[in-house]
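Heads up, the next two complexes both have subunit A, just with different partners, subunit B and then subunit C.
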Partner chain A sequence: MSRAERAVRPGGRTVEHLKSWLIMLPGLVLMAFFVWEPLFESVRMSLYKTRNVELVRFIGLDNFVSVTGKDDFLQALVNTFSYTFWSLLIGFGLPVLLSLLIGETTRGKSFFRTAVYLPNMLPGLAVIILWSAFFSGEKSGVLNILLSRLGIPAQTYLTRADWVIPILIIIATWKGAGSTALIYMAGMAGISPELYEAATIDGATVRQRIFHITLPAIRKLAGTLLILQIISVFQIMYEPMVLTKGGPDNASLSLMQLMWQYAFGGSMNYGKASAVAVIVTLILLAMTAVYSWLNRRESDWD
Partner chain B sequence: MKKLSTALCMLLALSLILAACPAAAQDVGLIDAGLTCTITLGNWPSDTAPDAEKALFENYRAIMAVQYPNVTLVPDYYSYTLSNYVPMAKGGTAPSIFQPPFTDPQLLISQHLVGDVTDALEQFGVLDKFSPAYVEMLADENGRIYGLPRDGYVLGMHINIELFREAGLMTEDGLPMYPKTLQELAEYGQIIREKTGKAGLVFPASEAYGGWLFTNIAWNFGCVGENALEYQDEDGRWVCNFTSPQCIAAMEYIRDLRWKYDILNADATTTDWAGAHSLLGTGEAAMNFAADDSVDQPTANKGLPVEDFALVPFPAGEAGRYALAGGTCYMFSPDITPDQAIALMAYLKVLGKLPFLDESIIAGMRADYAAKRDRGAPVLPAISAWTDADYNAAKQAIVEEFSNVDMRLYSDFFGSLDDGSITLKSEEPVFAQQLYRELTAVIQRVITREGADVTKALQKAQDSFQEYLDDEINDY
Partner chain C sequence: MKAIRHTGVIREYDLHARPVRIGYGFVIAACVLVTVFALFPILWVCLAGFKDLKEFLSSTSILPSVFDFGIFARTWDQLGIAKNYLNSLISVTGSVVCALIFNGLLGYGLGILKPKGSGVVRKLIMVSLLMPTTISIVPLFMNIQHLRLGNSFVPLWLSYGANAMYVILFTQFFESLPRSIIEASRIDGCDQLQVFFRIVLPLSRPICAVIAIFAVNAAWSDFLLPYLVLRGGERQTVMVRLFVFSTEQTVNADTMMRAVVFSMIPPIILFFIFQKQLTENTVSVGIKG
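Take a look at the complex of A and B:
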């Protein structure tokens, strides 16, 4: 009896199913315990008046009404979208550019790959502390020392409400662009060399090869990384928390940081913190749904 | 050198253990000699802590082993923060003893997250020796005690004398001509900025620090009594009051420090407590509102020589001369048993944190002050949280033995406490951390936007904090 025949026998199928479930079981248990249960608990908590982590009484949507009615929520929401905007402006194209440049390099490719990935290997907090010395507004700040060599007086950076988010995104991009560039490089490695050879024989320039072969080939990958980047930036927390503490005057406060403040910032209001978490989740779900819809529509056209 | 310090530590250990033996007899009648339990001790020095500190705690453990052989001590490196403590307390994994700041006990007590040690304290006979202000901070409405003071502090001002010297602000006696009033602070800071290019005052206006310091300034502008930042009305409801003329004047003063006098450090909104000490210690700022318990920060930790450092009283305002008094306390996990509570009091007694005098405690104090002197930190008289005169006099004698500073640089600070020229005041009574955060947001606004409307910003903060008070207390 062939394997295919065994598989279609009712008893055989049950055994195969059982094996599959057994293989998945540890993962499912871990997911249920560490992901799904806390997630549902968080949703439940958002509907209750809480005393630390205890549920006191059901209050419906009061926590949502309370948190969304405050100025700091609106500020945090606007800031979070601002983070996303600046992240796409500064950080989306850079990994593509890096991967293209490294892809076109003929010597020292491994060195450049390692070099762009290196910041990603540094601990996140160390990176923040490093850049805080760079952007320090004191005369001893690294950037101010460099500017003073050019005769420019010392500036403040992190205390300026309109500069603080772009600066934080520059820091996050410096740290994260290398790893994204590696993914793009892997994507580009999958493009058939015959396409480039044919283009070269036809006399295509580097620019034409990039715009007519490379970029169209990685378009879907870029779409996936775009949504991942938006989801990631939407959850930005430790960068502003460490570098600016959400300031000045809440100018860098993110939604995740606001959630942290409700839970651990002195008030221990886990109900309101959960409400903010649920709102963030809903926004991200909506974004993911839009992306999936666009992606599916595009696939239909293809 | 390392061998010498190790040998000294071992010698100290031996002397402490030997000294501890007769002391055990003192507890006969107080504690059951067969007391048997296990206690976990938070804030135990980590493996990377200085050798002297580790040796000191090992000595404490050795003394406990002699005095209370059936009490098992389990060291724990746990360091308290509100956010990490709550899940541990709820999950039953909090250490038996930990050290929160004085801003948190009332919150922890109200949420039933700490253990009651009243009966154990009575057994040790120290209940009536607490400074009343500390009892108030560490008890519930029924007078049950949930914590013990570790140490107290009074807010004053740290001075970098080198920058005062550079700015020509020195008396004929070679002492810094420090500001006595908030107005003088602005003016002297301006002179320092002009003469040295450095910040006159470092103001840590991030998270809750800015609001914390602001409350002291506000008190000196008259935000006390009926104009207090928060108070209880006739119905017992808590009311936030950030929009009194006094509070507005205090916030306008902060605004002037930035825009009129320009004496603040450049990155005030990102500067925290440690950053402020760093700026003063490294000569980037001349003055810092800070307390007597952190004099080691700019000196031993940041390299400012003790002869270039002074501690002076908090500057007086138009309507008062208050200084914030607070500190750190010991609290206990909510699930401690009566036996564990007694064992924990015994441990604190060995640490010299209860008002008992014996040779082992005096030896411990000596070791503590010797370590401070060796690190290059000023050895200063401590502000006691106990009312026991003998205990306080013994500590003072040891301080004088190890003193490494010119006390003229500190005499006005300690003198103001003794002669009553400064009034000590505890932190705002309810939800102080949240109140500080609201005020910090206003401070950040007024020091980053020149045209910021102070009254409007304070009104917004008041509305927000009032909603918080209603939610957490008034309508709970």
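Take a look at the complex of A and C:
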């Protein structure tokens, strides 16, 4: 019997399947250990009273009641939605605009692409520390130096409750907008040039071409990036932790930062930390569900 | 100027119109402005590194008064960053190897072998992509403690072998490979692992390069799990060290700026070597956040 025949023999197929699973096994074990099991574990842990790394006893929803009953939870919840709002306001349209602008350039296009992408390569922590010097309230703070050239007196930035969240979002946008713009550029590169040519011959202005050809072509991509952006900004944690420690007066405290404080901020209350994590997960799941539901409705109409 | 083709929304023909030409001038100006905005902070922190504490806290000038590279060397020695660099190197190398092998094999299974039931795994991985990652850091840390893997690089290396995004990228790439080559080598008597190492992997250089670059950068920049696993020990990486500085405020502001510069040098070098792969690949869709 030849090898080819053996490969299609029923018994041989089962062995093949088993071997294939065996090849995938190491990867699956790691996914289970690092991703899947911790997710279930955090749900389970949120229902237990914990001491250090041990589960002491099942206490139902007590962790949730205790966590949500505190003032800092409500503050963190409102702040997290505020982060999302500012992030969408500042950071969602900008990459589209950047990709439109850079896409139009002829000379120097690859230079512009490289320049806007570079901040994305820098370590997030280094970026936060770098910008903290920018927004320093001292006369030697970089922004104050620049403003003083324009005759504007020195300001404080990070100690203002209503400025701190937009500032954090500006920093995040500085880091991430360029790489998102490149994704949009890849999407726009897929638009057939004939579409533009045809529209030009039909007398469409540049603005009409943008609104009727370019933007509709990237709508689906924009939807995906929107949901990814929401998921990522909802998990904002180390940025306020490093920049302001959640201050002034909890004005920049995020939900995930609250989770970190419960777990690693000295009290080692892993049960309560998991309760916060579960709440964040539920909000994100709800938002993802609403998004895909809206998407389905739209595609039904198409 | 004739040789340059306008291939975007603005076509060659449009440039006959004066308003479009002016508008195009604005486009270029905006791009230059954006570039300055993107690069100035990076340039600034390098300049600020030349200032000593007194100058850093009092000077209202962007440029330092003297360019003395010795101040960087002194900070390097004083903080003992060399050891942290070595630790980061060990951490990054292991992470990249794990990212390529484990995610690659899983992607091979999902994209080419497709054994019975693997569709479920595929869906599971897609869902994991949408699941917030930092959510699970607490139970993950507890698991690592339970296995007594604290103060070791092993859990950090292995964590890069479990990246849903990398698995999906591998799977999609493998699916695009011509089936005929793989089937031919199967009939020639290669078993599945041989096919992977002799046929699939050599054909997959582009995707391996992209994932390796992303993994190097991610592993270098990572500090939350590394901090929890390595804190207080001898194995702290550069970013863990920087995080400790920032939370405990154990170093002066000027020293901090130099530490930031040290932490940015390897990613910037990586970027300039691989800028083509980084800015011109379309697989980066989804590598966000």
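We adopt the following convention: the second predicted complex is superposed on the first by the 275 of 302 C-alpha atoms of A that agree within 3 Å, B and C clash if a C-alpha of one lies under 4 Å from a C-alpha of the other, contacts with A are read in each partner's own complex, and residues count from 1 in each chain.
The working rule: a residue touches a chain if its C-beta (ideal position, glycine included) is under 8 Å from a C-beta of that chain, and two chains touch if they have at least 3 such contacts.
These figures come from a predicted structure and were not determined experimentally.
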item	value
Superposed partners subunit B and subunit C on subunit A - clash or fit	clash
Which superposed partner A:237 touches (first subunit B, second subunit C, both, neither)	second
Partner with the higher number of touched subunit A residues, subunit C or subunit B	C
Touched partner set for A:131, first subunit B, second subunit C, both or neither	second
Subunit B versus subunit C as contact partner of A:99, first or second or both or neither	neither
Which of subunit B and subunit C A:173 touches, first, second, both or neither	neither
First (subunit B), second (subunit C), both or neither touched by A:53	both
Contacts of A:250 with subunit B and subunit C, given as first, second, both or neither	first
Touched partner set for A:139, first subunit B, second subunit C, both or neither	both
First, second, both or neither for A:84, with subunit B first and subunit C second	neither
Segment of subunit B intruding into subunit C (one of 20-28, 74-82, 128-136 or 380-388)	74-82
Touching both subunit B and subunit C, residues of subunit A	53, 138-140, 263-264
Parts of subunit B lying in touch with subunit A, wherever the complex brings them together	81-83, 86-87, 90, 107, 111, 113, 197, 205-208, 265-270, 272, 279, 284, 431, 433-434, 437, 440-441, 444-445, 447-449, 460, 464, 467-468, 471-472
Interfacial residue positions of subunit A with respect to subunit B in the complex	51-54, 66, 70-72, 132, 136-141, 154, 156, 158-161, 243-245, 247-250, 261, 263-269
Contact footprint of subunit C on subunit A as seen in their complex	3-4, 7, 16-21, 23-24, 26-28, 30-31, 33-39, 41-42, 45, 53, 98, 100-108, 110-119, 121-126, 128-131, 133-134, 138-140, 142, 144-145, 148, 174, 176, 178-180, 182-183, 186-189, 193, 196-197, 200, 206, 209-210, 213-214, 221, 224-225, 227-229, 231-232, 234-235, 237-238, 241-242, 256, 259, 263-264, 270, 273-274, 277-278, 280-281, 284, 288
Residue numbers on subunit C that touch subunit A, as the complex places them	4-11, 13-14, 20, 23-24, 27-28, 30-31, 34-35, 37-39, 41-42, 44-45, 48, 56-62, 98, 101-103, 105-106, 108-110, 113-118, 121, 124-125, 128, 130-143, 145-146, 158-159, 161-162, 164, 167, 186-187, 189, 191-193, 196, 217, 220-221, 223-224, 228, 239, 242-243, 246-247, 253, 256-257, 260, 263-264, 267-268, 270-271, 275, 278-280, 282, 284-289
